[in-house]
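A, B, C and D label the chains in the order they appear, each numbered from 1.
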Amino acid sequence: MTIDLDVQSRPAELRFKLTRVGVTGVKKPVNVRRPDKIVTLTTDFDIYVDLPSTMKGSHLSRNLEVVSEIVEESVREPVDSLEDLCSDIARRLLERHEYANNSEVRSRADYFLERRTPLGKRTTEKYCLTASAHATRGSVVSVSKCIGVEVVGITACPCAMETIRHNLELEGRNIRAEVPVITHNQRNRTTLALEVPEGLEVEANDLIDLVERSLSAPTYEILKRDDEAKVVELAHREPRFVEDVVREVLIRLLKRYEDFPDEARVWVRSESEESIHKHNAVAERVTTLGELRR
Amino acid sequence: MTIDLDVQSRPAELRFKLTRVGVTGVKKPVNVRRPDKIVTLTTDFDIYVDLPSTMKGSHLSRNLEVVSEIVEESVREPVDSLEDLCSDIARRLLERHEYANNSEVRSRADYFLERRTPLGKRTTEKYCLTASAHATRGSVVSVSKCIGVEVVGITACPCAMETIRHNLELEGRNIRAEVPVITHNQRNRTTLALEVPEGLEVEANDLIDLVERSLSAPTYEILKRDDEAKVVELAHREPRFVEDVVREVLIRLLKRYEDFPDEARVWVRSESEESIHKHNAVAERVTTLGELRR
Amino acid sequence: MTIDLDVQSRPAELRFKLTRVGVTGVKKPVNVRRPDKIVTLTTDFDIYVDLPSTMKGSHLSRNLEVVSEIVEESVREPVDSLEDLCSDIARRLLERHEYANNSEVRSRADYFLERRTPLGKRTTEKYCLTASAHATRGSVVSVSKCIGVEVVGITACPCAMETIRHNLELEGRNIRAEVPVITHNQRNRTTLALEVPEGLEVEANDLIDLVERSLSAPTYEILKRDDEAKVVELAHREPRFVEDVVREVLIRLLKRYEDFPDEARVWVRSESEESIHKHNAVAERVTTLGELRR
Amino acid sequence: MTIDLDVQSRPAELRFKLTRVGVTGVKKPVNVRRPDKIVTLTTDFDIYVDLPSTMKGSHLSRNLEVVSEIVEESVREPVDSLEDLCSDIARRLLERHEYANNSEVRSRADYFLERRTPLGKRTTEKYCLTASAHATRGSVVSVSKCIGVEVVGITACPCAMETIRHNLELEGRNIRAEVPVITHNQRNRTTLALEVPEGLEVEANDLIDLVERSLSAPTYEILKRDDEAKVVELAHREPRFVEDVVREVLIRLLKRYEDFPDEARVWVRSESEESIHKHNAVAERVTTLGELRR
């Protein structure tokens, strides 16, 4: 007689299905092919499958085995992108969890790009990549995947600038148009995620460029005196609310991915750590390319 | 000639509507009436409205004015609950933002309850309250609200216990049923949120009780030697996966709120900070009471 | 025969003394008397004693009992200050841990004050109080205590302003002195802690005022258009590096506490979340009033 | 006439020297040589120098230039260790900040090692490396450096185990010595830092091994049923307070580095995220090898 130690597969006493069961905070070094080189990304994963009402538990160690296998394959053969990696994991999760109908993978990693300051000095800037994938078991397994980026930059407030310009004029100080007017400016964190339809590709570096150009100005690690002045001036020439930033991202996205289908989902969020307040300002749009095109 | 300084109300150049625009991280001391006393909760708020495609910006200072007014009223007349407070804020947001059709308020506060340890010693335990409200403008304004709790307790793993019991038996060590078998146990954080239908009420303390009873055992701040042993034994008498915890919460919720309508939304999440792994285990169910009753 | 279950008091096999043993993350609602009212502060405590080389473990539940007792006394009779509370806890810790020679208590709580914006509008602003105490057993027990505050405000950079002013002049744009020049500005977090000598007192609100006046400008929760312009102008009239902020705090501290003894320890730290960089700028001085007076 | 735009070098109006001025949160990918390969560590840096009372500000961009240069050199020629990298940065900081007498560098990076579970299965485990360096200008520049590690593992409580064993005996349940008794166990985070004297070397992997063996048991990412049981049993065979963990680290350290000089500083901290409490337990020793040897 075999004693069955598979406690997870025992019938659940309380017969509710579960939306997702899995593990969070799994960190792994992943080798990813980038346009010009191979980089190692220290990546954080959350990995789930659903659970039918009939089973007591999910076999969580299988989630770890799947991530581990696929990440190890990336050591030998670097993956093309974090979203492809997530997609592979999501698909294999359904193979291993034969009782699951849905799998879900979320990942996040610091990422670095070389930049040039306004005056041409080379710097290394820090960004964040995010990627996710969902697999669904039907007659076949279908997978949807998303790629995302987080960009830190500067926003200058158009509203305070306008009031101050007006006040200066009232006081008879004829501010010439070419002299920028003071306003509050601050660190801004803008996130963009885009669904990548099957057969199409998104280059993460493009998304980063696109978001960075949507802010009042990019920020840089090393700014000597003249470069610092330049960044401040650039930001004041393009004062933007968080609302403006989100819309700038959306319009650039529409242009850049005009060949993408209407169904592709889009998520944009911009958060300014207001210098004149202790709280943050946020704007967000959750939508599809189709809705935006209307 | 009046110069219009209302930059926010200027026509948006990029005509995309925004899902939500608002402020995050607004902290306020709120006076709340509890069954037996009035408590001051240091509460964190996120407050949003949507923005039509025609307007450049949302008037964020109105969000702060609304929160400020309603919180100040609570100084004079304590609110009945955090979810009622959110509901009032959500409603007033739509009055002030005449261009918005949706408003959204999320809040979170540390909360303390007196407890008795298994052996009857009095302790003060820390929990977390969450509340949210969404208002929608139609022919009239309708508001939906949710109350939630976060409870920290202990879970003991049923799977390791079973394997170890089996191993002990194999080795001929006849473990009597009444002697508990070792397993890994750990800190668990379980969150429950429930929609509160109009005209009905949910007592936060009930939700906390309900979640706390769904864990392997509650945890306590002060445990002298015998109480400590008792809590450990209790936890080992009720080994539970995160999956079990979520289902225990669901079954208790169904019983406790059997008069609540099918539409009421439910969200349960249990996370164990696994002592044998560096990552966490999570189970989650997002559903409605109606779905659970089927 | 009694079996000794006091595992902590057993002789340590590895005979090293320990610098501190205790508990962290103990949260408690504390009632504190403020100049004009009694407030409840949700306070976070870390509580330690040292451990001799002869003992296996520290009796941690005693730490919790001490905090619990003293906090409960504050429900009946509000404490005068967080540092007095810490001082009482530190003293009682040495009574309970008869084997310990040092005790250490650190605490932290959100704290709110009513403010007036530049144009006189009332707002509630969020600060943070910190307090600590160390007790040492000698022929008698001596206790030292510190009070601290954390203030969020705005700093405007003097360096970028100067470069830009210079560039404008070079371009022949004769900027009149009274027209403020643009620069980057950002959220700044400045912390001050001061040792409170026995028999003397420090009012936390004074420390907050003192730090807030040392920044380029305070920040406010609610700023309608004209107030917003005012805060931006104020900040640009007082551009300050983090170095300047620390020194401004130090000079005010010397004036305000000129009757305090030379030995009183001082710790000031200012951190600007740079809007033109992804990293922060920090300045710090750790010293005594005596050193500052030299 | 040259206008001097070097605002930082202007005389300070408030003539206080500053303990440290610098930047925090600078992230960089660093190539480090490890025993068997080269790895890329996503490293977080804090970088400071002191500031004399005569100068208004520190030239912060120089800190970033120094880090950037030295990190870039690591792309071409991987560094031997994070502490050597910090040491190089600290030294070069004093070259660039001719007015500074002290420099300080702190760094931290996630780090991965291959491990074998008790039953021999291969897993990748996550650790954390920390390194720091201080340079002081005297007749020559002297640099001291530290290497540190953070290890997550499991601790099982000896006290609850003893009480429960006693209770079982009282109830006449003759627990044979070889059957492990239940207790609470939890995730533990232990940190060790050691000063590396000039001319000597410390291998980070050794420190990780040393700390990991000081816990009740290591933890693993992938544990199939029998391995899971094994880890739980191991942890229950070695029940340890945080006090025990710190002392186990100390004794191993003394043995492993017996050729290190007495002056070498040591810092050990162990924190258990108690499964039976909502707060953590902590033990810490700050000392030198010499003090430990006495």
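Rule of thumb we're sticking to: a contact is a pair of C-beta atoms (placed from the backbone, for glycine too) under 8 Å apart; a residue touches a chain by one contact, two chains touch by 3 or more.
No experiment lies behind these values; they were computed from the predicted model shown.
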### Task
Tell me which chains count as touching both subunit B and subunit D.
A, C
### Query
Going only through chains that touch each other, what is the minimum step count from subunit A to subunit C?
1
### Message
Please identify which of C-D, A-B or A-C repeats the interface of B-D; the criterion is that more than half of the contact pairs agree.
### Response
A-C
### Query
Roughly how far is subunit A from subunit B, going centre to centre by Cα mean, in whole Å?
26
### Between subunit C and subunit D, centroid-to-centroid distance (C-alpha), Å
26
### Query
Any idea how many Å lie between the Cα centroids of subunit A and subunit D?
30
### Task
Indicate the residues of subunit B shared as contacts by at least two other chains.
5, 26-27, 64, 126, 159, 163, 221, 223, 225, 277-279
### Query
Where on subunit B does subunit C make contact in their complex?
5, 26-29, 39-42, 61, 64-65, 68, 71, 110, 112, 123-124, 126, 221-225
### Task
Please give the residue numbers of subunit D that touch subunit C in the complex, ascending.
3, 5, 7-8, 12-14, 16-27, 46, 48, 51, 56-58, 60, 64, 158-159, 162-163, 166, 241-244, 246-248, 250-251, 271, 277-287, 292
### Message
Applying the document's contact rule, which stretches of subunit A touch subunit C when the two form their complex?
### Response
125-126, 152, 154, 159-160, 163-164, 167-168, 173, 175-176, 178-187, 217, 219-221, 223, 225-226, 228-229, 231-233, 235-236, 273-279
